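Labels for the chains are A, B, C and D, by order of writing; each one numbers its residues from 1.
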Amino acid sequence: MKVGFVGLGQMGAGIAANVLKAGHTLTVYNRTNSKAATLQSAGAHVAGTPAAAADGSDVVITMLADDRALESTVFGDHGILKALPAGGIHISMSTISVALSRGLADAHKQKQQRYVAAPVFGRPEAAAAAKLFVVVAGDLSAIEKCRELFSAIGQRTFEIGEEAQAANLFKLNGNFLITTVIESLAETFALVRKSGYDQFKFLEVMTESLFNAPIYKTYGKIVASEQFDPPGFKLPLGLKDNRLVLAAAEEQSVPMPIATLVGNNFLTAIAQGLGESDWSAFSKVAYRNAGLE
Amino acid sequence: MKVGFVGLGQMGAGIAANVLKAGHTLTVYNRTNSKAATLQSAGAHVAGTPAAAADGSDVVITMLADDRALESTVFGDHGILKALPAGGIHISMSTISVALSRGLADAHKQKQQRYVAAPVFGRPEAAAAAKLFVVVAGDLSAIEKCRELFSAIGQRTFEIGEEAQAANLFKLNGNFLITTVIESLAETFALVRKSGYDQFKFLEVMTESLFNAPIYKTYGKIVASEQFDPPGFKLPLGLKDNRLVLAAAEEQSVPMPIATLVGNNFLTAIAQGLGESDWSAFSKVAYRNAGLE
Amino acid sequence: MKVGFVGLGQMGAGIAANVLKAGHTLTVYNRTNSKAATLQSAGAHVAGTPAAAADGSDVVITMLADDRALESTVFGDHGILKALPAGGIHISMSTISVALSRGLADAHKQKQQRYVAAPVFGRPEAAAAAKLFVVVAGDLSAIEKCRELFSAIGQRTFEIGEEAQAANLFKLNGNFLITTVIESLAETFALVRKSGYDQFKFLEVMTESLFNAPIYKTYGKIVASEQFDPPGFKLPLGLKDNRLVLAAAEEQSVPMPIATLVGNNFLTAIAQGLGESDWSAFSKVAYRNAGLE
Amino acid sequence: MKVGFVGLGQMGAGIAANVLKAGHTLTVYNRTNSKAATLQSAGAHVAGTPAAAADGSDVVITMLADDRALESTVFGDHGILKALPAGGIHISMSTISVALSRGLADAHKQKQQRYVAAPVFGRPEAAAAAKLFVVVAGDLSAIEKCRELFSAIGQRTFEIGEEAQAANLFKLNGNFLITTVIESLAETFALVRKSGYDQFKFLEVMTESLFNAPIYKTYGKIVASEQFDPPGFKLPLGLKDNRLVLAAAEEQSVPMPIATLVGNNFLTAIAQGLGESDWSAFSKVAYRNAGLE
């Protein structure tokens, strides 16, 4: 297939490389050109605008930082919406709001284009290794056509229905669950440490019994050792996702008390100078509030 | 070995049966006699008091509901402390306070007895199937002597040191982590349901990707389907454990904001009539506060 | 002075009447015409658009429900911005975001107009009785010119500086403080009631000793007697103000844990069907969570 | 009347002096003798034990730090219970648990003695100036007999019924309300300060409009200026009262979310080294979490 790709950040670069590796014709666009060079030397074309990446493509994939970036990429003067052919497919992998995903589905439909939301779980290493989990919802014919594409970038694809925004809602809730793992571990580590015991030992007992999921192992190690730099995913992006799940919840009149608690800790982390660290660094708030360090 | 066993509730009955099955001489005591009958017909002796169960035993195991029950079993007129021989071992499997465990270690030491804290993770089914996780701390010679005993009742033993109360602290923190799983899933299920999607589908995506730990599967299913009766572990016991972890945290001046949040929901659950249900029924508070049901 | 007035809701109608009573020439505009009739019969002119109310006026006062309403009133095709003469004064009394107030100050400055933020404290009865507290910030020459106008509508004016948005920030923080009074009283009333005592007696002891402020008396009585209908100020507007203070706090990286707690209760109140009641009805969440009613 | 007085701390010393000034025969006891010297030189007798202070007295007043201190004073070997004559009155002014107050009522009744709970609102300055608010409940004949005594030490007495523990419940709830004032002001001051405005100006606007109660003025000034030393009431005592109101609430299955939030901040304050400061110093947690200082 002819695939356009917009957004070559830590996640996008890995995904795009795997698309290319799977044998597709790839045209990439990134705001800063340098990031495209590696892919270019591997055979990708480089476009000068999002529109140029979408023009004539079967599929255009976007992987951008937030709603604002995606909006300008789609709706802007040199945006995807005008350039993508009728029948063309826009796969949005960014972690964006439920509201924007709903709006994109409508906008593409009016242009006879097809829209699929396909947010992913996994950190940059997983993206590079094609080990992402891909949550897919939207136009069913488009999803069918792109199954091999999803397989090329992830270890497992979950198809969850025809309403694109459902995938975004699942993604935001999943990210929220990760923050609850981080915060709950931080609270226990603080107590274990102040009681005079070893938080790594505690983590081992947990992850080798009831909590033997990758997420407890990965973040448990990061939080126990406070290795927040360099970041895999920067803290303000974590705050952004927290705001997005709370916005989706507010729209449905659903209170999410742990989410607001974590949101407060994100703000504290930023206020205390952790804005350049990994998003899991908000766990330091639990340590500081316990008088540790 | 000659083993005494006090406390034949849902957990204790299964554990005691596995001790017997492993070939040990077993003498059981329970406040209500009827519960001892099954074990008696399988070859166990039945004692009339805790003291009688401890008298002449190499090891006496206690598995009781709370601090108060264990205190009277140990320190009471017909309690274990007076009856257990010098060198005898008390294995306390109950989920009790850090403070009481510390006190028991001291009391047994003064009597030249040996004390081991060995709280377990697992619900009654796991106890019956010898699939518990056993967290062990205390007198090292006693632990060594009891290794086979632990193997007979669990799938894995974690030895974490010489200070008995560390095992209780780990257990309480582990139970707290379980409550965070329950509460966080309930918040996401509430949002997924009110948004018009299927909480079971969401759970499937989570447990087959980043959250593929038994605890998310077990409690995810219970919370998603609201199957809280009959209880595996009653709600007021969950509140009790919440209070114990908060007491341990207060002793160390460690705030645990999610724990207090969950504690409030336990109280609400009791106030709203869920006191006879499974402890995970506090998740209904999230549903009700979202206007569901 | 020639005064235009836009927004004749429960608050605006009372304020406008007092402006008229003070002898000013008044031209009013309201989205629904019927509300203007009473004022018209008292001598006010009725304009067909916000622009018409501003056109030729010395001062135009706006008192609208939210940011969106004020934005369209100011920036819309028939909005104030185009019509207000150079040197004219826009007094914004609405409870709006800090961000919008900052934006209005800029926009008016570019048009050589003067902008004053003058949000008020007080319920509709206080507006009618000219007993409001007026918090004023913005263009200093404009404030000086309008002092008598403020005196005509309130019992006390607080001038707090040249940055208009400061007044809005004070107002939002003040409203937040009111919500803390409501929530804290609700928690105590729940405990007093379930303990078998009289919440009115408790309220009396508090308001005749340390808490003898009008706000404790007014809201204490409403919350103790659960008289939430008819509303003086509807619950979704309370949620809106909660969101505005949290937005201002997020902009400054300031966590406000009680504000998020109250925000969650607002959402629950809406989810449980209290959206048409007085904003203080979120206190019922404390009662329900205590198993009362 | 012949009055015994036990507990000459910052509060007790002032109260006892006013009892003496009112013309009663006073016998005081304090754990550390030095504190009794001033009163002795003013005409008080000094007793060597609580029992000696109660022996032959019409009334014995206790003003102690916590449950434990009061329990040993009443039930100890040289305690009040054995020494107070039949018909004698014990007035307990300490801030103690609802449960202990209930227990004291029972214990005194069995001895044909009379028990009155009379906790007070006010800081040490108010105690010295006889400006306390006294909340009274318990034996009605005893209350009648002591009315002048209450008038001698306070500016206002509230009689709230025959169940003594009601007074303690009111007192604990009142102290909780004070903590909500402190915390809510701290959150607003943090936001006002980080936004570039003056928290004293904000406080002035609030306390001269809707929040013109002494409690907002007193604590507003302390919190805005961070004058936490020397303490009027030490922080760990504030934590104790927080625990007592939560214990009373737990007994009734009433969640109190702001109280748990404040409790967490008390723990943080202690963990961060504020344990010797005034109880209102927990407000620094809000400042620190906002990145201030």
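Everything below uses one rule, namely that a contact is a pair of C-beta atoms (placed from the backbone, for glycine too) under 8 Å apart; a residue touches a chain by one contact, two chains touch by 3 or more.
Source: prediction; values computed, not measured.
Chain pair with the larger contact count among B-D and B-C is B-D, by C-beta pairs in contact.
The chain with its Cα centroid farthest from the Cα centroid of chain C is B.
Between chain C and chain D the centroid-to-centroid distance comes to 38 Å (mean Cα coordinates, whole Å). Distance between chain B and chain D, defined via averaged C-alpha coordinates, is recorded as 39 Å. Note: centroid distance chain B to chain C, computed from Cα atoms, is 53 Å. Each of residues 249, 253-257, 261, 264, 267-268, 270-271, 289-291 in chain A touches at least two other chains. Listing the residues of chain C that touch chain A in their complex gives 243, 249-250, 253-257, 260-261, 263-265, 267-268, 270-271. Those residues of chain B that touch chain C in the shared complex are 264, 267-268, 270-273, 285, 288-291.
Residue ranges on chain D touching chain C, taken from their complex, read 98, 121, 133, 135, 156, 158, 160-161, 163, 166, 169-170, 173-174, 176-178, 180-181, 183-185, 187-188, 190-192, 194-197, 201-202, 204-206, 208-216, 245, 248-249, 252-259, 261, 286, 289-291.
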